[in-house]
Amino acid sequence: MISTDPSIWIAAFFTVTIMSYAFRDNPLFKFAERTFIAAVIGHAVVMGIDSLRQFGFNKIQAGNIFYVIPILLGITILARYHSEYYWISRYGMAALVGIGVGLQIRTVPEANIVSQLTKAITLGDNPLLGVFTALTTFTVIMHFTFTTKKIHEKPQNVLPVVGRYLMLIAFGAAFGNTVMTRMNLLIGRLIFLLRDLLGLMGA
Amino acid sequence: MIAEGMISSFVILILFFILLLVLIQQSKKGRKFEMKHLPGLDAIEEAVGRATEMGRPIVANPGLGSLRTGPVTIAGLSVVTYVSRIAARNGTKLIVPVADPEILPVVDEIVRTSYNLEGMSEDFDPDYQIRWLGNNQWSWTAGLQGIAEREQVAANIMIGSFAAEAMILAETFARVGAFQVGGLTNTYQIPFFVAACDYTLIGDEMLAAGAYLSNDPEQIATIATEDVFKIVFVGVIVVGVLLGLVGSDLMIKLLEM
Amino acid sequence: MSEEGFFNQLERIPRELIYAVLLIGLCYVLVYPVGLPIKVSGETKELYDSIEELPDDSVVLVDIAFGAGGMPELGPAFTAVMHHLYQRDLRVIVMTLYTEGPQMYDILVVNKIEPESSYDKTYGVDWCFFGYNAGGVTTMAELARNMRILETDYRDTPLDQLQVMEGVEDYTDVDLVITFSTSSGGISSPADWVQQWATPYEVPMACVVLKMMIPTVSPYYGTGQVDALIPGAGASAEYELLVNRPDEGLASTDALSVAHLIVIILVILGNIAYFGKGGGIAT
Amino acid sequence: MSVMIKKQIPLVIAFIVGVILVFEWFIPTNLGDAVGTGLRESGIIINSFAIMAGVIGLYLNEIRKVSLRRDDWQYSVWMLLVVSLFILIGVPFGYESTNYQWMYNSILMPLGATMYGSISFYIAAASYRVLKFRSVQSIVLLIPAMILILGNTPMITSVWSGFTDTGGWIMTNITQPVYTGIMIGVALGTLATGLRTLLGMETGWLGRREEGE
């Protein structure tokens, strides 16, 4: 049974127009693209105002006046478009940069260094294999040294070069492995078109 | 006191900071650190030159991240700064796509400054050059697909944070014949840039781009700091594995402190 | 046509043709499935058993950490596992830290599984849904210590008035966490769950993730921090078989085979063309 | 003086905020916890204002394009309509309201899901274009890729699991340790870039520069 739900028809229209780009750029794709960008921006405003309410005004109302500070910092961002006082917005930006950097540098030592090093030196049930994987990590780190010319000179450059080839093997495998995940997504959209819209698939 | 299990990472962070300051001081006193060549970054200037000859635009893409994504985005913005300077100097058409509204004003300022500094401020055209494509990875990707095809982009420099759209972007720009330099830290997506771009800056290389392009000795001193730690970590791996082979988990215990 | 010309064409198969073959091949096999045999893997059986072995009235916390983008791969697996949970007499608490989570819940649980009519279950008694909560990992960590930091469910009913939440205060009352995740960090990734729940409190943990995420999560599986780990792709078909609810997962299995075969054939053709034109292996 | 307010103070703000977040993380105290949460939520609040600033800019630009009848001005009209529609329904009624959900499910969701799904086309075309016995490097990429593709094909795995096992072995014993190495490098790069930023050495985010800055 072909669907009579307008929501499904609109969704199907956008599904087909987006797919059509793969074949050729066309006015319908352009229409879908602009609709998409506009919808996303509209949605961002809706969610933005909601978080302003949730994290800002509600907290101030509850008596936590400290939340006036981020609101003031936020207002400074609006100064960006003023030709003379644009620099005021740097105050808000600075807070964002500080937050971004702070959140990153505080977690990477544990998550990306300590835990990864631990993983690298954990030998597991098969010590020989453990040594192999540790060496793999070893050579890859060597590949990523920048200011140590000596490491990248013959004959010791065999380490970073081996690291490079191991990386290529890793990337090839990851590439092949992802094909399945990606195909699943397309299949999902086709199931939507064939079953939900056209009613062509059996149970 | 320091939270349980975080002593080792705190020590790493503090030691890194101290060594960084020491090496910056040394470079101020004249110690030189030289960086190995990163062909991907060296190729940018040539790519811009080719685009100029063809009269086709280049895209300098700082990725999906926001300022709160931190270093990856900051590195991406450094590359946009560099590319926009060259583009302004050569009179190349430049397009900078933006996803997150936080970096929209930053990109505006970066490009404007580049054109001012090169004395080309009348060439600055924010309507054409700066495109906000929505803070959703897919609206942004759709917008970029539109740009690739309609503007016949000649070079695509995408260095920043990229997610699942990496494959679409790399293929779409390859199909219009654009010369591509990619750079990202997201391990899931690196294979796609490696497969489809002319040059790819992998992980750390991409984060070093800002320092590399600046050619500023003090910034390169911070890269040397990284290298010292890399060699130490390589040592940790060797010692840890040797200890493991004789049945000791001392190193793991140390790391888990 | 000369030999050279033939290989030239073979090297330049128009992209449009590749896309068309892919589309037609997939559509055909979706409408007329071949019904290739399926083998249930050990990992899938492990997740099935870990749910099957839960005593009646156990509390299962289900985390929706995917949005529309992850739906094609994780949706079928989520649906199959939820069917299993409803087939048993368990208390199911569904939560999400993804903004699109509530939509996924509506589409898959409310409209698709329809627990009321399919299994005679009652909302608030047999299961509940917390709705979207901001804060990502922070909220996840808080929940382990105190579930009541969320005052209401998604219908704004106070949690204290939900029968299913009776006696569920913190991690000690949860018998199994199942996360369906596309996240590689930050919002609600398997690693976050391991760090915030499984490692400190030893709460049994099952992860259903994108196929491509398996290598990243499998170290936790190896160490036992994660008790069951399956990919959405492939495993959903197997799970549908186990719970006897054939659906999208099974329907897409044939399509997956066809898609892969097309890619394999393309790669072979590309190489025939390359060598046919006299291309060699450069060093 | 002016450089002080225009540049130095923002740099100091970034530095202090960053340092607070670091110490709050490693040395947990109740006060630090509260300040940390406050800072993270501040980020969300400031981001909301960045969205507002972006949207105001968008309205001004698009209205100008329409009034000047620039190329494609019709698309500008349409974009303004769509943005306004989402805002007019989403803000007063909330994003959980039925009408908003309807718009979300029939416009945003299928668009996102289809874009995501269209990766399949590109990955098939890229496989054909890239996976060739062209050089040693491309062979090293090709062979593991093919093993994994074959090992993920249900039709093949139900008959013979050799490819799946080999593929799994490569993923666990090569890909994983390689990623470990890359991640350690990225972590150090993050620290270096982050500290450069906090120390005021990477100042791209400050935007416009003037004499004396």
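Labels for the chains are A, B, C and D, by order of writing; each one numbers its residues from 1.
In this text, a residue touches a chain if its C-beta (ideal position, glycine included) is under 8 Å from a C-beta of that chain, and two chains touch if they have at least 3 such contacts.
Keep in mind that this is a model prediction, so the values were computed, not measured.
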> Which chain, with its centre taken as the mean C-alpha position, is closest to the global C-alpha centre?
Replying inline: A
> Which two chains have the most C-beta pairs in contact?
Replying inline: A-D
>> Report the inter-centroid distance (CA atoms only) between chain C and chain D in whole Å.
In response: 22
>> How many angstrom lie between the centres of chain A and chain D, each centre taken as the mean Cα position?
In response: 4
> Roughly how many whole angstrom separate the Cα centroids of chain B and chain C?
Replying inline: 32
>> With centres defined as the mean C-alpha position, give me the chain B-chain D separation in Å.
In response: 13
>> Using the touch definition from the top, which residues of chain A touch two or more other chains?
In response: 18-19, 21-22, 30, 32, 36-41, 43-44, 47, 51, 55, 77, 80-81, 86, 93, 96-97, 99-101, 103-106, 109, 111, 113, 117, 119-120, 134, 137-138, 141, 144, 167-168, 170-172, 174-175, 177-180, 182-183, 185-186, 188-189
>> Show the residues in chain B shared as contacts by 2 or more other chains, in ascending order.
In response: 6, 9-10, 13, 66-68, 70-71, 74, 101-102, 105-106, 108-109, 132, 135-136, 138-139, 142, 164, 167, 175, 187-188, 190, 192, 194-195, 202-204, 208, 223, 226, 230, 233
> Touching two or more other chains, which residues of chain D qualify?
Replying inline: 22, 25-26, 40, 43-44, 47, 50-51, 53-55, 57-58, 104-105, 108-113, 115-123, 125, 127, 129, 141-142, 146, 149, 152, 171, 175-176, 179, 182-186, 188, 190-191, 194-195, 197, 205-208
>> Considering only the defined contacts, which chain D positions touch chain C in the complex?
In response: 37, 40, 44, 96, 101, 104-105, 108-110, 112-113, 116-117, 120-121, 123-125, 127-129, 131-136, 139, 142, 146, 149-150, 152-158, 171-172, 175-176, 179
> What does chain C use to touch chain B in their complex?
Replying inline: 15, 69, 184, 212-213, 216
>> Which residues of chain B touch chain D once you look at their complex with the stated criterion?
In response: 1-3, 6, 9-10, 13, 16-17, 20, 66-68, 70-72, 74-75, 77-78, 80-81, 100-102, 104-106, 108-110, 112-113, 117, 127, 132, 135-136, 138-139, 141-142, 164-165, 167-168, 170-172, 174-175, 185, 187, 190, 192, 194-196, 202-204, 206-208, 210-211, 216, 218-219, 222-223, 225-226, 229-230, 233
>> For a test of understanding, state which residues of chain C touch chain D in their complex under the given definition.
In response: 13, 15, 18-19, 22, 36-39, 67-69, 71-72, 100, 102-103, 106-107, 134, 138, 211, 214-216, 218-219, 233-234, 237, 253-254, 256-257, 259-264, 266-267, 269-271, 274-275, 279, 281-283
>> Going by the contact rule set out above, which residues of chain A touch chain D in the complex?
In response: 6-8, 10-12, 14-15, 18-19, 21-22, 30-32, 34-52, 55-56, 59, 66-67, 69-71, 73-75, 77-78, 80-81, 86-87, 90-109, 111-113, 116-117, 119-120, 129, 132-134, 136-141, 143-144, 163, 165-180, 182-183, 185-186, 188-189, 192
